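First comes the structure, then the notes that go with it.
Chain nomenclature is as follows: A, B, C, D, E and F, assigned in order of appearance, with residue numbering initiated at 1 for each chain independently.
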Amino acid sequence: MAKIKTAVSTAKTKKTLAKPKGKKPEPMQGVMALALEAAPLSEPMDAYFAKCMEKLGFVPNVLRAYAHDMAKLEAFVAFYNDLMLAPSGLSKLEREMIAVAVSSENKCFYCLTAHGAAVRALSGDPLLGEMMVMNYRVAALTPRQRAMLDFAVLMTNASHEIEERHRQDLRAVGFSDRDIWDIAAVASFFNMSNRMASAVDMRPNDEYHAQARG
Amino acid sequence: MAKIKTAVSTAKTKKTLAKPKGKKPEPMQGVMALALEAAPLSEPMDAYFAKCMEKLGFVPNVLRAYAHDMAKLEAFVAFYNDLMLAPSGLSKLEREMIAVAVSSENKCFYCLTAHGAAVRALSGDPLLGEMMVMNYRVAALTPRQRAMLDFAVLMTNASHEIEERHRQDLRAVGFSDRDIWDIAAVASFFNMSNRMASAVDMRPNDEYHAQARG
Amino acid sequence: MAKIKTAVSTAKTKKTLAKPKGKKPEPMQGVMALALEAAPLSEPMDAYFAKCMEKLGFVPNVLRAYAHDMAKLEAFVAFYNDLMLAPSGLSKLEREMIAVAVSSENKCFYCLTAHGAAVRALSGDPLLGEMMVMNYRVAALTPRQRAMLDFAVLMTNASHEIEERHRQDLRAVGFSDRDIWDIAAVASFFNMSNRMASAVDMRPNDEYHAQARG
Amino acid sequence: MAKIKTAVSTAKTKKTLAKPKGKKPEPMQGVMALALEAAPLSEPMDAYFAKCMEKLGFVPNVLRAYAHDMAKLEAFVAFYNDLMLAPSGLSKLEREMIAVAVSSENKCFYCLTAHGAAVRALSGDPLLGEMMVMNYRVAALTPRQRAMLDFAVLMTNASHEIEERHRQDLRAVGFSDRDIWDIAAVASFFNMSNRMASAVDMRPNDEYHAQARG
Amino acid sequence: MAKIKTAVSTAKTKKTLAKPKGKKPEPMQGVMALALEAAPLSEPMDAYFAKCMEKLGFVPNVLRAYAHDMAKLEAFVAFYNDLMLAPSGLSKLEREMIAVAVSSENKCFYCLTAHGAAVRALSGDPLLGEMMVMNYRVAALTPRQRAMLDFAVLMTNASHEIEERHRQDLRAVGFSDRDIWDIAAVASFFNMSNRMASAVDMRPNDEYHAQARG
Amino acid sequence: MAKIKTAVSTAKTKKTLAKPKGKKPEPMQGVMALALEAAPLSEPMDAYFAKCMEKLGFVPNVLRAYAHDMAKLEAFVAFYNDLMLAPSGLSKLEREMIAVAVSSENKCFYCLTAHGAAVRALSGDPLLGEMMVMNYRVAALTPRQRAMLDFAVLMTNASHEIEERHRQDLRAVGFSDRDIWDIAAVASFFNMSNRMASAVDMRPNDEYHAQARG
């Protein structure tokens, strides 16, 4: 893609990469295995973290991990929130189901924990969450949902084999081309997020495990 | 992650998903296989596309593909530019090398083409670009670069097997924990981007193929 | 092995395979996908099912699935109970950890559910159960436990590559040859059980999901 | 499954695990790589071994390997004999064909040798045995036999992908639900047995190699 | 490679591809699944086939399969005989062991049968032939032979991962660079031959199966 | 195959394997990683190399690598030229497309470079060459070409699964049985050549990279 800086790009400068004086940072205990120091929160991120505390009772560790760098945190939050919360032909539950089915293929502890909880909460069906974690094929899904997850899992395991006929399979169960974009975007995102979490050993907040167990 | 909308999140409303009146959109010929209509460019994106034209002579097709939705395009551009252009212990060439080595594992035609050209251009070494596309193990790399690419490829193929010893391998050749974050972030991103491109059959601009062939 | 019938072998005759008169059996709803009729319980199995009801509040569905044939049910119960409950250098928790780590590789919904609950219950650590289900590598294990699970997972994924040096790895962390037998026996058994459960679509009792969530 | 001891379960006590006084046991030369001492044969096992000697001229090494513990040996023999010898819609040859096709996927030297000999003997067709060992797809099988082996091999390589349509493929060539149970049970068992044999380096008796070569 | 015809190249002309008049050729029953007509044997091939009859009692089916085209047959025979029979630091038995270990990875019925017989015959050890077919790791090999087969199998399964350190492993057990060439050449050849045989369903002569069974 | 020397076989004797007196050979810099000394060219090979120089401006490194032994070089050249240049129902371009699609699966730097250039040159379509290297599924192929490459790639990745129905797929798009032989022969050959090149780290001549870039 274009190697061009723009207004929407980061204002970070070399200076911000200067090593902090004084003592070396510790690994972020309970957050991730890298020793990176939290940067001061920018105003919008401060507000966002406050909202997390208010609504969830905690700040998800993925955000704390990205908070070593405000530009990265803001970009991640914007990207993520558009993906999972913006209007879409896919319900929020469907997007979370994709998240978990993909994370199961990649055996990502962080995402299986956090998004498994989301499936349980959004569906009100704890078993559905477990099935997405363990093997989505055992769930009693609509043909639409099954096609959606089959596509997401094929994208995860052999994206280079995807061809027009696979997109046709989605259209055949009623997905629009915009829906296909959204399925692809969510499945792709968790293939990123799973790897990021595993690469730096990100740890989910303990609160997720007991959530929405029914 | 938190299901909370914030200032940095999208302002899109349900309305924007309304199907365009009149004729059905065509597949974006030469851009991707989905039939999505380009949205009117927002001001910053209009400026960004203009800069692309000025500096590259074309707008990369990945941007045209995302341009069916301004919120998605802006989020993608911000995320991407921070990743590939912001200050980092990794040079821009090193980030592009990771991009191509990862894309080779995923056999992503779009990314191999666009980022293969970037490696050729940034290194001034057309052969290095070919090696990243074909099999990065044949390149005469520094131990640092080799460790970086081995980690990126392990992340691509078996991220669930990554453990502290793999991060130690990176530290042993001189990477800081912040560098490790950046390696992980670039490798993760292209695992997303490769799958997005393959899922919607994104096509690279023809201009890339002949670039920087030496 | 020897093609020889013995006292310990089954007394079943051709007659027992005669199709039941009257209406065709239905799939065992909630138990498995095969339409097999429950046979009358033998005396020891009747006692065993009663004990299950008394101690667990339900009869595990795997037993109900095998109960179409008393010889098979009795052989399974004897084999299973010796494996998981007989004296061994491995604790019951360790045997359950192997069960879940193996079942995770094979994505077996039944065994992940039933034995994931057992790990949570025996360890008093719900998180440990989740980790075994999702990716055992993220758990903080003793070197002994880690070696045990690595061996079990190698047996699952590439048993033909096992050689003396892998057994030596187990001896090096303190396992006796008898312990190695037991590790191998448990890992092998769940490679059987996972496949049996998936082949006939065995379904875990609903009770497991909420057990020992902390 | 239920953590409940019953009449059919083992009577073994902790005492039996006490290390034998005096010299350390040697690896069981020609039987397996673990140094486990043979336990005194129980009465039924003594009779069984005598029958093996009488009918086969040798005691299969798998039995000698299990003979370090009578409870384990008896449970194994009972389970195995029911599986391979009890009345079934599958002939004994068909069960042996499954055994070998599964063992070929797992490259298990012990089982390929012992059960390859059984296929040669039961079929009177040495070539059929070789084909099961090398690649079952080259054999001229009935559609029924082919479907049976395809299912067994799918169970071996990707049991988590099995769904109703695969069971329907078996019903379509005439298998009853009870037959499907038996196919699944044999294929599952050898996925256990192959791994056990490889994990402890079990060695087949030399006698098998020359048997039934035509 | 060079697109240049030379003296050593074939003298075949378009004419030889003309379809034979009259009835369509039948599949070569017992030889392969393609319906190709045997061409008249050239003088050297006629002599070669005669020698085969004299020494082996049959013409190997691979030769009959190639005999639809004399240029192909002659090129194959010359290439093969140099590889397997010319002077080399590898004994003929070692070359056959490589052939079988490679063919086992590729599950090639033809080559496992024909070259399994060769290992049995050349070694005078029927068991060694079986081990090469089933899982070469179970054989009691010298470090030199083991390194040779490990390299051949790595070439078969992941040739793109081979690097200098793998060649060093061979040098460390005494192989010269010329020996490494020969190991590589034999392993490569059977990766060709296995695929050719499977692609056209080549069938080994029945005589092989009983040969050298001891 | 027959262990019989014939007129067409090599005249090489043990003597030719004698180690050269004096200094040890160096690795063939820029050709391969093995230290083998070039043998004096035989008359036909001398003529062939001269033709290469005249027509290509260089001698392909694969020939220089084989030139440590004239019998091997001559056998290779004869085999290769028949395969790629002899009359066939497949055009030379089609044979080169197979070569590159197979080499892409095996990630062979040498063959992707040399034969990628050939596809670019023969087709006059630089993009087609890139697509064969990166992922042949993205190219706009005729059904005939697509079936041909699908078969070649299946042969590369799972030759043991090939059955009559796969050959029927080729016949259905118009290939004769002789054409199927030729597809199989080319795909098989590059599975050999890829492995040989990777095993000895063969390096393509620099000239290839810039050839036919359009």
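Assorted remarks:
By our rule, a contact is a pair of C-beta atoms (placed from the backbone, for glycine too) under 8 Å apart; a residue touches a chain by one contact, two chains touch by 3 or more.
None of the values given here were measured: they were computed from a predicted structure.
Any chain bridging subunit A and subunit D, meaning touching each of them, is among C, F; the list is complete.
The chains that touch both subunit B and subunit F are A, E.
Repeating the B-F interface, with the same residue numbers in over half of the contact pairs, is the pair D-E out of A-D, D-E or B-C. Counting C-beta pairs in contact across C-D and across C-E shows that the higher total falls to C-D. Least-squares overlay of CA atoms from subunit B onto subunit C yields a rotation of 120° to the nearest 5. Spacing of subunit E relative to subunit F, judged by their CA centroids, is 17 angstrom. Mean C-alpha position of subunit A lies 51 Å from that of subunit E.
Distance from the subunit B centre to the subunit E centre is 45 Å, each centre being the mean of its Cα atoms.
Contact with two or more other chains is made by residues 107-108, 135, 160, 163, 201 of subunit A. Taken as a graph of touching chains, this assembly fits none of the simple shapes: it is neither a line, a ring, a star nor a complete graph.
You'll find the chains touch as A-B, A-C, A-D, A-F, B-C, B-E, B-F, C-D, C-E, D-E, D-F, E-F. Against subunit C, the residues of subunit B that register as touching in their complex are 160-161, 163.
Residues 135, 137 of subunit A are the ones touching subunit D in the complex.
Subunit A makes touch with subunit C in their complex at residues 104, 107-109, 112-113, 126-127, 130-131, 133-135, 138, 201, 203, 206, 209-210, 213-214. Those residues of subunit A that touch subunit B in the shared complex are 1-10, 12-14, 16-17, 19, 25, 33-36, 44-45, 47-48, 51-52, 55-56, 59-60, 62-63, 68, 71-72, 74-82, 84-89, 92, 106-108, 114, 118, 151, 155-156, 159-160, 162-164, 167, 176-178, 180-181, 183-185, 187-189, 191-196, 198-201.
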